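The structure's right below; bear with me while I get my questions together.
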Amino acid sequence: MSGAPEAAVRDLIYRAALLLDAERFKDWLALCAEDFTYRIQTYSPEIRKQMTWLQHDMPGLRTMIEMLPRHNTDHGQLSRHVSVYAIALEDGGKEASATSSFICHRTMLDGINAHLDAGETQLFLVGKYHDRFRLADGRPLFRDRTVFLDTRRLDKGSHYPI
Amino acid sequence: MTADLTSYGNEALPFVDSRIYSESSIFEEELQKIWKKVWLATVHESELAQPLDYRTLTLAREPVIIVRGSDNQIRAFLNVCPHRGNLIVRKPAGSLGVAEPSGNANHMTCMFHAWQYDSLGRCVDIPRQKQGYQDRLDKSQVRLTALPCEVAHGGFVWVSLDPAVMPLADFIGDAFGFMREELESEPLDIFHYHKAFIRSNYKLWHDTNSEFYHDYMHYFNRATSMMQKGYFDRHYTTFANGHCTVGSMEVKYDAYQGAGDRPLSFPGMPRNGWKMVDLFPGTTYNIRGSSLRVDTMTPIGPDLVMIEFRGIGLKRDTEEERARRIADHNTIWGPFGRNLHEDLLGITGQGVSMRPGTAPRRVLHGRRENLSIHDEIGMRHYYSEWARRVGRSPADPLGEGMAAE
Amino acid sequence: MTADLTSYGNEALPFVDSRIYSESSIFEEELQKIWKKVWLATVHESELAQPLDYRTLTLAREPVIIVRGSDNQIRAFLNVCPHRGNLIVRKPAGSLGVAEPSGNANHMTCMFHAWQYDSLGRCVDIPRQKQGYQDRLDKSQVRLTALPCEVAHGGFVWVSLDPAVMPLADFIGDAFGFMREELESEPLDIFHYHKAFIRSNYKLWHDTNSEFYHDYMHYFNRATSMMQKGYFDRHYTTFANGHCTVGSMEVKYDAYQGAGDRPLSFPGMPRNGWKMVDLFPGTTYNIRGSSLRVDTMTPIGPDLVMIEFRGIGLKRDTEEERARRIADHNTIWGPFGRNLHEDLLGITGQGVSMRPGTAPRRVLHGRRENLSIHDEIGMRHYYSEWARRVGRSPADPLGEGMAAE
Amino acid sequence: MSGAPEAAVRDLIYRAALLLDAERFKDWLALCAEDFTYRIQTYSPEIRKQMTWLQHDMPGLRTMIEMLPRHNTDHGQLSRHVSVYAIALEDGGKEASATSSFICHRTMLDGINAHLDAGETQLFLVGKYHDRFRLADGRPLFRDRTVFLDTRRLDKGSHYPI
Amino acid sequence: MSGAPEAAVRDLIYRAALLLDAERFKDWLALCAEDFTYRIQTYSPEIRKQMTWLQHDMPGLRTMIEMLPRHNTDHGQLSRHVSVYAIALEDGGKEASATSSFICHRTMLDGINAHLDAGETQLFLVGKYHDRFRLADGRPLFRDRTVFLDTRRLDKGSHYPI
Amino acid sequence: MTADLTSYGNEALPFVDSRIYSESSIFEEELQKIWKKVWLATVHESELAQPLDYRTLTLAREPVIIVRGSDNQIRAFLNVCPHRGNLIVRKPAGSLGVAEPSGNANHMTCMFHAWQYDSLGRCVDIPRQKQGYQDRLDKSQVRLTALPCEVAHGGFVWVSLDPAVMPLADFIGDAFGFMREELESEPLDIFHYHKAFIRSNYKLWHDTNSEFYHDYMHYFNRATSMMQKGYFDRHYTTFANGHCTVGSMEVKYDAYQGAGDRPLSFPGMPRNGWKMVDLFPGTTYNIRGSSLRVDTMTPIGPDLVMIEFRGIGLKRDTEEERARRIADHNTIWGPFGRNLHEDLLGITGQGVSMRPGTAPRRVLHGRRENLSIHDEIGMRHYYSEWARRVGRSPADPLGEGMAAE
């Protein structure tokens, strides 16, 4: 992944990580095409099935994000540590796909006992991002993201996209 | 609908003492007197669809394996080797049809010294038995401890650690009566599983599942349910042995034929219906429109519980139907769903204020509203059974003859 | 300056038994007989500068909220909902002025069933109260448990879990006398907060704060203090209820007018002065030149303590002054500072050798040097109060009538 | 490391991480030259010596991998999170060396008490990869990998290459 | 960040991580301009203020590093795992800024009970590096680093730069 | 070869009650009555090769330092400061020759207040002693607690926490007799160290080391040993104080001269020989061809043990020989080795089924096969000694007069 389009894709993935960490969700969606789809998946060795734990198109994501303040939630800070592993250009450079490895930590705020826990960082999730992009004039947009989790014990879970 | 004569602590305003949620000694007693004595819902039969499929778990700390025998019958055994006590099958699920490194296909093999058991729990091989045990022990005398086990109520596998447990039918009574059509009309199928460790007492989760007053916590429910006609028509019904139900029976006939954009449901269930069965000491069946959610619990300590969440659809679902059920289910009940996260935050907060060593406090169980949806009768009924089983008053659990606070 | 008549264990060479640092039963007794009975310094008033600002914490495991009321008065309440015992406010700090998902602005709202309380602790809303409680409960009967609370001694909020606690003035006595000018001349302001979980007994941290003999551990102090004139002129003074002070009173007049490159100080404090107040059972005020450091502790178990560190300056600081204070403070006392890391390593090592289950050992408290800076009188004075409160001899805590070792 | 050969080396390291995570060990070996050598090393401050905890040439690795199904083992999922730090071309571009930082998590399956633990992710190992490559026609192959561990508490250990 | 100066900046950040991990602090400072400034910051939701936990200019850093052997300290091995997220060239290529995500683990040595703990790796800190650079002849030097921590529970803390 | 008259629980089929592996109270008793009373193998002398080299560890929770004195003699001391109980030396290994920040070269310095001790354990400096203690304490009265310590059996440092322990020679008896040539012919040298925390009871690890019936678990052993001639010729020998041995004595003369591709061995040991010494309560010497492995254990709780693994070669090894030994060792016994991982999985599984709070179960110890390799005599012999030491029957440890199950 040495060329300019690959570099643009890689930059975009990292920019998304920065915006998600900053909880600038609307700015994150601005990196996505209007037909963007997002899902969180994992495989359960208990029921021996792949599972889709969250799935949204763009309107669904917008609603989810707009509703966040109306919900009681764990406001712990998620920190996504991403390393882009592979980028492939497709369809003559109009499309691209990428695989990245990520580790997501959560620094606790109000999730349990804030006096004791706030400020402590815990491992939350590890997994892979499988992304698809559309490129126009060398500028990529997310068209699809599958967050594939290795971790399946999320305990109280989360209201945030990963 | 039963009359509510239940009270403890204070007749006008029943309460429990918070130490029933925080005391180690009470917790250990609950394991012995409740969790090792009753029937517990475990896995769904669709998790072991084929002969020789198995699932492993623990009940009150004891390792258990549930296996569909070569004869297609589902059985439960202690997953503990009679030789030197090793855990036999280590994976959460799989098929005995595949050979293990130390054993043969079709067998459960203890990896340690390769004692092998067939899918009916009989010991079929003790390596070098004759040389090591001469006539003192023969494999025919050895078998895995079989546990009472029945498949019932929507295809769940019910197990008890007590060989002398009452029949499952007696334990459940008619608690599933009003959900029978949904559960028994056709085969069901699991599509969701996840688990959560929560720093709280397991009973606080069952409390949450036993009252709807906390719909104030859920923006989703405030908007979609509490404001709706019929919400307050739902009533609790209590059953022997600590169980109760609540549901939208009255709504049923009005809404049943309605077509719309979320047409999926369960047999006999109105399109946007909601029915719930809370079973003592910690299982909940919850049908909300298109999916059945079943919660089971594994208490780890007074301040820690593992909750397992299952999502169930119909076996005959098309791919599209299944995807629809999954989306409906996970939007509110998945690990990233709107409601479940809130519910778990609720009991996490209780777990903080009632963690072991905190001062005894009164926890009010006093809402009475003609057994309707915001009545706390579900909880009161549960703790009456709890009191009977552990032989303690929930309001004065240490027999101090005085009330907390 | 008081005479030192304090001894335990051995008159010539006082010692404590290491089990006062390691025994669970003693630890639980300390929570009941000390931590739930005395006044404890908590947060600084500048952390809740505006009406409706709040801070949450725990004291002896009990959740507490400190809130500046709409009337601008600071109060403390148990942060526990009288309904079903949930933790009410979950964030460490904030303003009640902002509405929560389940409640209104200006209220503390329990997220679970949306009972709401105003900033004075009065219950102002019980959803569907009449329907659920009829005449059995009215919100006017419900309020958060108010705790004794006073703002004093440099603007700290002092709280006690004991409604019958003696007046704060009596508990402190004149322990702050020699620091009054520094603390009370003008408003102070917090600039630093961090916390540390340390695998050691909380009293070992207070010990460290109560003796300067360990300056041998700090290269920084060996170089900057111990070698300096006046170091050994500093003396301990003991006060009723277990408190003591030590400081550079004698240096004051010599050095006060001196100009130089580190001119920042506190009102009435010489430029490079150092004053310390150690308060039973676990708070320390420490002014070192430009900043006031205040340590408070939350004992978690016999072998685990959370220590909170605050750095305080003057409210009227310019931006440059504040930056200077922060740098001065953190160079030695921040999480990356030279001295704090060493101090914490010290008690971590003690925590290893005195962890629960280790053999009883004598811990010497026997340095006597005319109450001057290397005298261990601060510790001996503390343990005399400790003995009085828990009713045990520090040298023979289990009443075996014999000495450790 | 801006040029094309460097990019190819970086891609290869990441591809190796993906294949190892996927337990596609034979495909991993296909990225290695026939004279590839692999070792896991660490330094023990207890005995004050460097230790080699695993060392194999290509036939040794093949045997190790082929024998995996015959052994009782912990089947927890290893997730290697790699960041390539430095690549140096040598011998006129025919050789290269690289240093990468890695974090390896393990998502438990059957290692302890599956009912409770399966799905929980734990930190397993941190360390560095020190790799050497041979490049032919710009295409690199692994010639040597030293996995240098910072972590020395591996508890029940592992049968898998890291 | 596909061009040569960007690549040089990225390489420099990673080289810094390697040198810091190796406790080659003087070599690390050799990557910094003489007017380099370094600070560790975080935000406290308890006092609702940003805090600067460490701040040094070049002479301050030199002193800090020289004094290390005179202090009693925790000698646990810090392992910084860095992923460079974004690089921006400024002032016509004479300046640059970069944002990176990092995870810092600590492998214990003498910090607690060495017999039990030495060799165990624990999560220590997560956060972001915000770096500024000066470029001369395409060769970048650090001009400023702000280590912004998400983690605020550092327990006994550290004497080392992160 | 001794006759096996050992049995407990059931004469025909001896068993132990699983609670000896899971009860906290029994565990604490074991620490007091066994671990603090016997000789324990610790480090190898080559880990402290030079005068002033040291190693630190813990024995039954007590911090211990082993140091080679300036006189080249190896001694053991409590690594605890007589002043205020701090852990003195904090690193796992090193040389006192290097000065510490708070102390001088050649000394052990307690970082807290800089009390210094020489390599013979004598206190050589109390800072400002006279000023602080006057005539009440002099450094000549202070020394580190010396522990019984001997270097023996292949250069291991044996230590006891009991000053009145019987002589090491008496404790070991002739258990090392058949391994003497291997261990004592020439100096040995350590090349491998790692440790593992395992959630299981320490005795379960010793059990595994005391029986070879579990070779069924190891594909490696099934292929390379069990199928080989001579495997069943190996016999157990038991010795006083709970020790036993097993080995390939008979193979020795046949195979010794054989050349081949794995020629490395130990003096007096056949090329592919295998000898094992199991020492009560938890040390194992295991020579397998080219390397000596020694396991030592640190029990942490009934359900947690730290096991340390050492690999030992000959001091005179060439670089090539050493590399060969390391490869041979780690292929099966390293953290990535084939066998060790399997063994540790075995006891981990037992740890799950016998974790604290599980139902009491019988664990069979009943294989009898003329004391040959698959006989469980090693375990039975161990538990006879255990019973003698703790004064409990392994089959009825709580004196309930009845058997588990």
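Residue numbering begins at 1 within each chain, and the chains themselves are lettered A, B, C, D, E and F in the order written.
To be clear about the criterion, contacts are C-beta pairs under 8 Å (C-beta built on N, C-alpha and C of every residue); 3 or more make two chains touch, one makes a residue touch a chain.
Nothing here was measured: the structure is a model prediction, and the numbers come from that model.
A.B. asks: Both chain A and chain D are touched by which chains?
C.D. replies: Where chain A and chain D share a partner, that partner set is B, E.
A.B. asks: Return the chains shared as contacts by chain A and chain F, ordered by label.
C.D. replies: For chain A paired with chain F, the chains in contact with each are B, C, D, E, in label order.
A.B. asks: Would you mind working out whether chain C and chain F touch using mostly the same residue numbers, over half shared, or mostly different ones?
C.D. replies: Both copies touch with mostly different residues.
A.B. asks: If you tally contacting C-beta pairs, which pair wins, B-D or D-F?
C.D. replies: D-F
A.B. asks: Would you mind checking which chain's C-alpha centre is most distant from the centre of chain D?
C.D. replies: Looking at centroid distances, C is the chain farthest away.
A.B. asks: Distance between chain A and chain B based on Cα centroids, please, to the nearest Å.
C.D. replies: 32
A.B. asks: Taking each chain's centre as the mean of its CA atoms, how far is chain E from chain F in angstrom?
C.D. replies: Result: the chain centres lie 42 Å from each other.
A.B. asks: List the centre-to-centre spacing of chain D and chain E in whole Å, with centres computed as mean CA coordinates.
C.D. replies: 26
A.B. asks: Check each residue of chain F and list the ones that touch at least two other chains.
C.D. replies: 63, 87, 90-92, 101-102, 111, 194-195, 217, 219, 342, 345, 352
A.B. asks: Which residues of chain A are in contact with two or more other chains?
C.D. replies: 45-46, 70-73, 81, 83, 103, 109, 111, 113, 118-119, 123, 152-153
A.B. asks: Determine which chains touch and list them pairwise.
C.D. replies: The set of touching chain pairs is A-B, A-C, A-D, A-E, B-C, B-D, B-F, C-E, C-F, D-E, D-F, E-F.
A.B. asks: Sort out for me which residues of chain D touch chain B in the complex.
C.D. replies: Within the complex, chain D contacts chain B at residues 69-73, 75, 109-111, 113-116, 118-119.
A.B. asks: For chain D, which residues count as touching chain F in their complex?
C.D. replies: 40, 44-49, 51-55, 67, 70-74, 111-113, 152-159
A.B. asks: Over in the complex, which chain B residues touch chain D? Could you list them?
C.D. replies: Residue positions touching the partner: 56-58, 63, 87, 90-92, 100-102, 111, 194-195, 298, 300, 306.
A.B. asks: Which residues of chain D touch chain A once you look at their complex with the stated criterion?
C.D. replies: Touching chain A from chain D are residues 3-4, 6-8, 11, 14-15, 17-18, 21, 77, 79-83, 103, 105, 107, 109, 118-123.
A.B. asks: Quick check on the complex: what are the chain B residues that touch chain C?
C.D. replies: Going by the criterion above, the answer is residues 12-13, 18, 207, 213-214, 216-217, 219, 342, 345-346, 349-350, 352-355, 357-359, 361-369, 374-376.
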